[in-house]
Amino acid sequence: MQGVKEKAIELLRSKSVDRVVGWKAGEFFYDLTPAVFTSVPEVEQSFVWSVFCAANLSKYLIAESRRGGKVAAFLKPCDTYSFVQLVKEHRILRENVHVVGVQCAGMCDMETIRSHGLSAVTSVAEQDGALRVETLYGARTLDRKDALGEKCRTCKSKKLAVYDELLGEQGCDEDNGRFLEVARIEAMTPEERFAFWRGELSRCIRCNACRNVCPACSCETCVFDNPDSGLRNKAAADAFEENLFHIIRAFHVASRCTDCGECTRVCPQHIPLHLLNRKFIKDINGLYGPYQAGADFDTKPPLMDFTLHDPEPSQAAVRGGGV
Amino acid sequence: MKQIAKTELDTLFAAITAEQKLYIPADDSAGQAQFTLWRPGLALSGRLNTARSAKDLFFPQVENLVGFRMHAGAIERVETREEPEDFVIFGVRACDCRSFSILDRVFLSEPVDTFYQMRRAHATVVTLACTRPEETCFCAAMGVDAADPAGDVTCWLEDGTLLWRANTEKGEALTEKLPMLRPCPADAADAQQARTRALMQKLPLAKLDLSAFGAGKTRALFDRPEWASLSEACLGCGTCTFVCPTCQCYDVEEFRDGSSVRRFRCWDSCMYSDFTKMSAGQPRPTQRERFRQRFLHKLVYFPENNDGVFGCVGCGRCLAKCPIHMNIVKVIKTLGVTHA
Amino acid sequence: MQVNSEWKPTIVAFCCNWCSYAGADLSGTNRLSYPANVRIIRIPCSCRLNPMFILRAFQRGADGVILCGCHPGDCRYTTGNYYARRRMTLLFSMLDYLGIERARTRVEWVSAAEGAKFAATMNDFVQTVTALGENRRLEDLRCKA
Amino acid sequence: MKQDPLIPEIGVVTDIRTDTPDVKTFRVVGLDGKKPFTHIPGQCAMLSVPGVGEALFSITSSPTQTEYLEFSIKKCGCVTDWLHAMEPGRQITIRGPYGNGFPVDTDFAGKDLLFIAGGIGLAPLHSVINYCRHYRSRYGAIDIVYGSRSMEDLVDYPEILNEWSREDGIRVHLTIDREQPEWDGHVGFVPNYVRELAPDTARTVVMCGPPVMIKFTLAALMDLGFDRTSIYTTMELRMKCALGKCGRCNIGTKYVCKDGPVFRFDQLDELPDEY
Amino acid sequence: MQRIGVFVCWCGTNIAATVDVQAVSDALAKEPGVVLSANYQYMCSQTGQDLIETAIREHALTGVVICSCSPRMHEQTFRKTVARAGLNPYLLEIANIREQCSWIHKDRAQATEKAIILGRAAIAKVQLNTPLQAGQSPVTKRALVIGGGIAGIQTALDIAEAGFAVDIVEKQPTIGGKMTQLDKTFPTLDCAACILTPKMVDCAQNEKIRIFSYSEVEAVSGFVGSFRVTIRKKARYVREDVCTGCGLCTEKCPQKKVPNAFNLGLDTRRAIYIPFAQAVPKVAVIDADYCSMLKNGKCGVCAKVCAAGAIDYTQKDELVECEYGAIVAATGYNPIDLSGYDEFAYSRSPDVVSSLEFERLMNAAGPTGGTLLRPSDKTHPKTIVFVQCVGSRCSAEGKGKTYCSKICCMYTAKHAMLCREKYPDTDVYVFYIDVRTPGKNFDEFYRRAVEEYGVHYIKGMVGKVSPEGGKLKVQASDLLDGRQLHIDADMVVLAAAIEPDKSARPLATMLTASMDTNDFFTEAHPKLRPVESPTAGVFLSGCCQGPKDIPETVAQASAAASKVIGLLSKDSIVCNPCVAQPDELMCNGCSSCEKVCPYGAITYLDKEFRGPNRTTLLRRVAQVNPAVCQGCGACTVACPSGAMDLKGFSNRQIMAEVDAICR
């Protein structure tokens, strides 16, 4: 996408905003860091828009929108849902944010590229829809889709939920089979499911990256950090402790999670945490009708709503699971 | 120097397992290498290094310290410590091996941490020289020779052959029990070492300049304004800390079930907002202070208290794993530029 | 019951103060028995039941957890059990998804007048959980030893 | 194998004395009825109530007290709440001693001493003062400036009144923040009182109290012409291990639990401002 | 550290027979924080309570656990006990070892073990109890009665009699309800109108009573002592304050073909009408569905003839908001819709009528002027068949109601008797399943019908009614004789089951009052609190709570009134202190709690907080109105950060109980 950096410069130069939240160049071509830019030279020097801008900038706006003045943020379609959800929860002050929507063709993920056995990668270049990956030990060409992060492979929508101005075209909802993996697990026997999740969750090191990156986990104090909650524990202890953490976390964000996929992207242990959130989303869609958190500013989240004839818990597995 | 064909690794591992526990880097279900208890059929990972560092085997994420049973006003102390079996940890890279000496400086200095000491005593460290470093590696800058790691035994994997050199008594003792290792020329690894060293020089971070850091640099670095921008995107998670082979901050917590209490130690992170929180206040109130603490500790405080040794081994895990790609290299490069 | 006569599961029953807790009292008044390993915790309304409590119970060694509340439409607080119904539906589905036996968790609507239903429900639930055996998938190992 | 330093011993609380509405003094012995360990004035110990928590407290009793250890503890938080509700005879856990302590036998020897304390800040000084009283001949004149919010908040008031004040060569200067009907002593904040007293700048100063008091008293002492190298204080930060390993209590390169808690102000000046 | 006292009650042998109370008190004595553990025969007795009081004082207890009967039984008693000893009454927990232990378990060892565990849980909880202060909230000294039938009228009159203001909301244009449509009343056969209309007039004339006729309750908020009710006064297009009730308009209105609802559609009325002669208020109302002026803007006759100038075609529904201290539901009943009862040919023959229609046909003010005529051909019926239990006492799977409608046996006897008295030449058959006559002079009344008036009572069910050649062929079985009967009847009267008025369900939702599956309001206790709803400040009067005859209705109406009077005579009421409380430091201001609060008790405030490094942060935080919060706890679970907690049932308290139970 052309024009992202230029837009940042234009916004700052015209003084229509005081700050711009974007991505800053790193040591390599891929290690971009979310950053706040306050001057045109800063942007010219280190602002980057590339296929490695996977980070969801919405959560930073909780603080940035309260810092005084106007802040511009570049939000990809998936990020806009988090943004709307946070505005809805009164976390982001909408009036202080200028949302520049940026259409997106999916972001590459270095861990995914490495998972193809590529190491010491020195550059990645787009070439006729494919990616040319140069490493210290030779070069290889990857299909673009093979380099995408999980969240982009199963992108739910290219439609921006909100923007003040848009770079690129407004897109529409996509079906990239984001529930297929959930359905695959649902189809397992309980023993297989248990084994699957034990295998995945036992790798958890309780680094809290999933929680701290999650836009829905924006609590002032997390229950797991609060000594009075009775749940405080920072240790990834035997068996159930990490299950408890992830179940409670998934439940706390249920019906507020926009499925932005950041939890899985940042997990250093490659735990497919999105499969927990997506299970809730799939169940909610199946049991209470389709709902996309952050798609609009007014709909009540399904867990804060009810109808007189909701299915009974005993029917949950049958109807929600859809096995 | 000894050797064994790579195809016979299983025999070697089986022989070690016959004597004691053996941990090797093996791929987990997500395709990342992790130190895993060897069992027949478990293959050595082809990855450069494990996702979690080797410190886990000496300083586990959670360990019980002691238990208490409460009886109406009286306390009974319950021993929970278990003496570990001897174990071999195979395939430790040079950087991680260096991290043990850093951890030793913390845990084996007076008063000695006997839990750590015990595990160290029971372990035989078999290192494996690197041949294909990652772009994130900067061990050379930290004075580590990836081609010649330390450890009780040093190994090189070269053209289908594993070269084996015992460095210590412990290493010799292990070697003696492994008759399948056959003698080979002492210079068998030289060629590989030369290649690796050359390769290390070509890495993007090979020339990392650390001259601005080390003992005595607190005043020069503490109030640098760059801390604010460096830390502004930091999520305050513990990823860097937990994958770091030298981070060793811990917390002591208790688990109670009404009548008995178990006191355990678990990893903690100086990046966490509650790390230094007290009822009276918080000496490191924002992420800026916490972030500064972590990097100054590795780059200034630790060297100052430990003969100039940096608290970083250049393994590059934090470069690969930080959710927002902020890391020690960026800190070094940013603060390494002195103001005009 | 033929299953393992020695072992008795620990059952935690969360009961709404206004209906099921009174229903439990009524089953007591009518001397309708159910196993002694059912232990009731009084909550003001089924909507007070935080999923945390259920997980905590399992973590601490409960083998089955049941929530009893007012029949939908009869909530003392009008809407509480409707929220509880959605929460529990999703939670149970998630537990199922994680491979935790669904039969260890249950929601039953029992009114203050349904002493017999309360006892019958508890008898049935205990039987079900007994058949499943000890809860191992959600227990925190630190509680043992 | 040697006992790990993180693993505490069981102690018995044999006596609990109520000093002020929110300070109590706890007498602790080991299970064998003897003093759990020997210490230097200014050192601390980790006390814990299993299931509630562990916390670091300065040892109030003097090393010269051979029977037991004493801790004056202000009620503020989980562990202290629990201790305050405790009855004599109950058991707790104890490990220590920790920290460097005051240089009572080196730097202090032969010096005229000025102790300045505010509120519960008297607790760590109490040990030093009684040590100096015990080895009275080794030290010069001793002046004690002690202030608190009110008369009721003066810790160890009877001991101060009946023992310290009556001893030759010891002068006690008490002050309280606000007038009180039964009080005929000095009224005012400690820093101002120190200015009024204008002590001899050759004295070695030992100071402990709330941060505000420390800040202003230090300024007063500087104005009076004191040297920072002769002023000592003792610090408190969050601690878990007390062994210099858990990584919490460092200020720059120094660990309060191991390198402190006693610092000279010139030493503190060397450290980054993070406390 | 807490100082907890444990008191184990024997409850005579109720507990002690199956639970080893000594073992329980010994075991609980060892629990952390317990400084005293005692047991006694009857803790609730004076001696028992004294024991507790003394112990609290002597041992300076900070918490009390009583292992006894259900807290639903004696929690209040013991709270008072504890309070008398100077301890906050909420520092008490009760372990239910009777209803939920000794009474259900036979094995002494098991029951004892369970009692210990329940005691332990209570101890674990009481460790975390905090003193709670019940707040006070003022009482608005005005009551609202919803429904102006005999129940509502009686309740309103009694409340007004005690000197309190009371409003009646009646959805019909007149108060009076079903009783106005009745002819005679059993068992005395006095005229319904004669005894009812004076009461209606009393209502109209009582200055403490305001009548909102042709009005409905639109919304209810608030809580006991201060309900806020929005009343919709439907447009009647006639100015109530001006209309004299002369009735001229109702004679001149050209639209004559409007089914007369008062006579159940058995005759017609005009588009502008006064329901009946004794209506209160006696004010005309325009039926907008039929008025051509309102529909097409053409006509205006009524306005022309009205000397008072009361007609106002532009009138709109009006919303009135009032405050009340108490609300009485008196929404009454209706006969069920019989159109589904095809076997009785109700829809096919006008001569098959419901009992209420029969009342109108017998009534002097009815469509036939009191002469019993068949609706089809206006002839005197010679053979009349009464069918009882139509839609009552049905199986759960069937289309009717499972309950007995209670009044049908008696009014059918009345109808049969009146028929025979007025028209001795008629044959009257009554088909019944059982005849239920438990009431003062009821059975005598029924026996007179059979014995003196010669009504044919036949135990059996009518299988089919077929209209054939002006007759109704009734097929029935006589269960006593075991034979099939075929009766050629001129008229069939169906004793339709009665059901709660359709307005009751939405009203219950507004009032947060609970209902049973039949939509009857649930009483707070079926025996001991029969006129109160479980929702504080909401009372029940008449058939909305269950089928009743007139004397019972009036009795209940007066009972409800006395409860209301009791409430209104207080200046303030004590609130439930177990309410939600947010921890502002943890609150995200996300509004999750507000979304699930059924009482609107949660609001938000932008508040300044101290941030790191001497900064100030403005944060949106939740505030709970403790007088409005009822303590359900829905918000505590909706809150993701755990900032919202419930006093008396806090997260930590419940988890402590869980831990103690699972230990």
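Order of writing sets the labels: A, B, C, D and E. Residues in every chain begin at 1.
The rule is simple: a residue touches a chain if its C-beta (ideal position, glycine included) is under 8 Å from a C-beta of that chain, and two chains touch if they have at least 3 such contacts.
What you see is a predicted model, and the numbers here were worked out from it, not measured in a lab.
Relative to the whole-protein C-alpha centroid, the nearest chain centroid is that of C.
Chain centres here are C-alpha means, and the one lying farthest from subunit D is E. One inter-chain figure worth recording: subunit C and subunit E are separated by 30 Å, centre to centre, where each centre is the mean of the chain's CA atoms. Chain centres here are Cα means. That of subunit B falls 71 Å from that of subunit E.
Between subunit A and subunit E, the centres computed from C-alpha atoms are 51 Å apart. Centroids built from CA atoms put subunit C at 46 Å from subunit B. With touch defined as above, residues shared between interfaces to two or more other chains in subunit B number as follows: 70, 251, 255, 257, 268.
Chain contacts: subunit C has residues 51-52, 56, 60, 73, 79, 83, 87, 142 touching two or more partner chains.
Residue positions 596, 638, 651, 655, 659, 663 of subunit E are each in touch with at least two other chains.
Within the complex formed with subunit A, the residues of subunit C that make contact are 51-52, 55-56, 58-59, 72-73, 79, 82-83, 85-102, 105-107, 137-142.
Of all the residues in subunit A, the ones that touch subunit B in their complex are 26-28, 30-36, 55, 60, 110-111, 114-115, 117, 119-122, 136-137, 199-200, 203, 205-209, 211-213, 225, 233-238, 262, 265-266, 268-271. Here subunit A touches subunit C in the complex through residues 182, 185-186, 188, 190-198, 223, 230-231, 237-241, 243-244, 247-248, 250-251, 254, 276, 279-280, 283-284, 287-288, 302-308, 310-317, 320-321, going by the rule given at the top. Looking at the complex, you find that subunit B touches subunit E at residues 70-72, 257-259, 282, 285-286. For subunit D in complex with subunit B, the residues that touch the partner chain are 1-8, 10, 50-51, 53-54, 76-77, 89-93, 236-238, 240-241, 243, 245-253, 271-272, 274-275.
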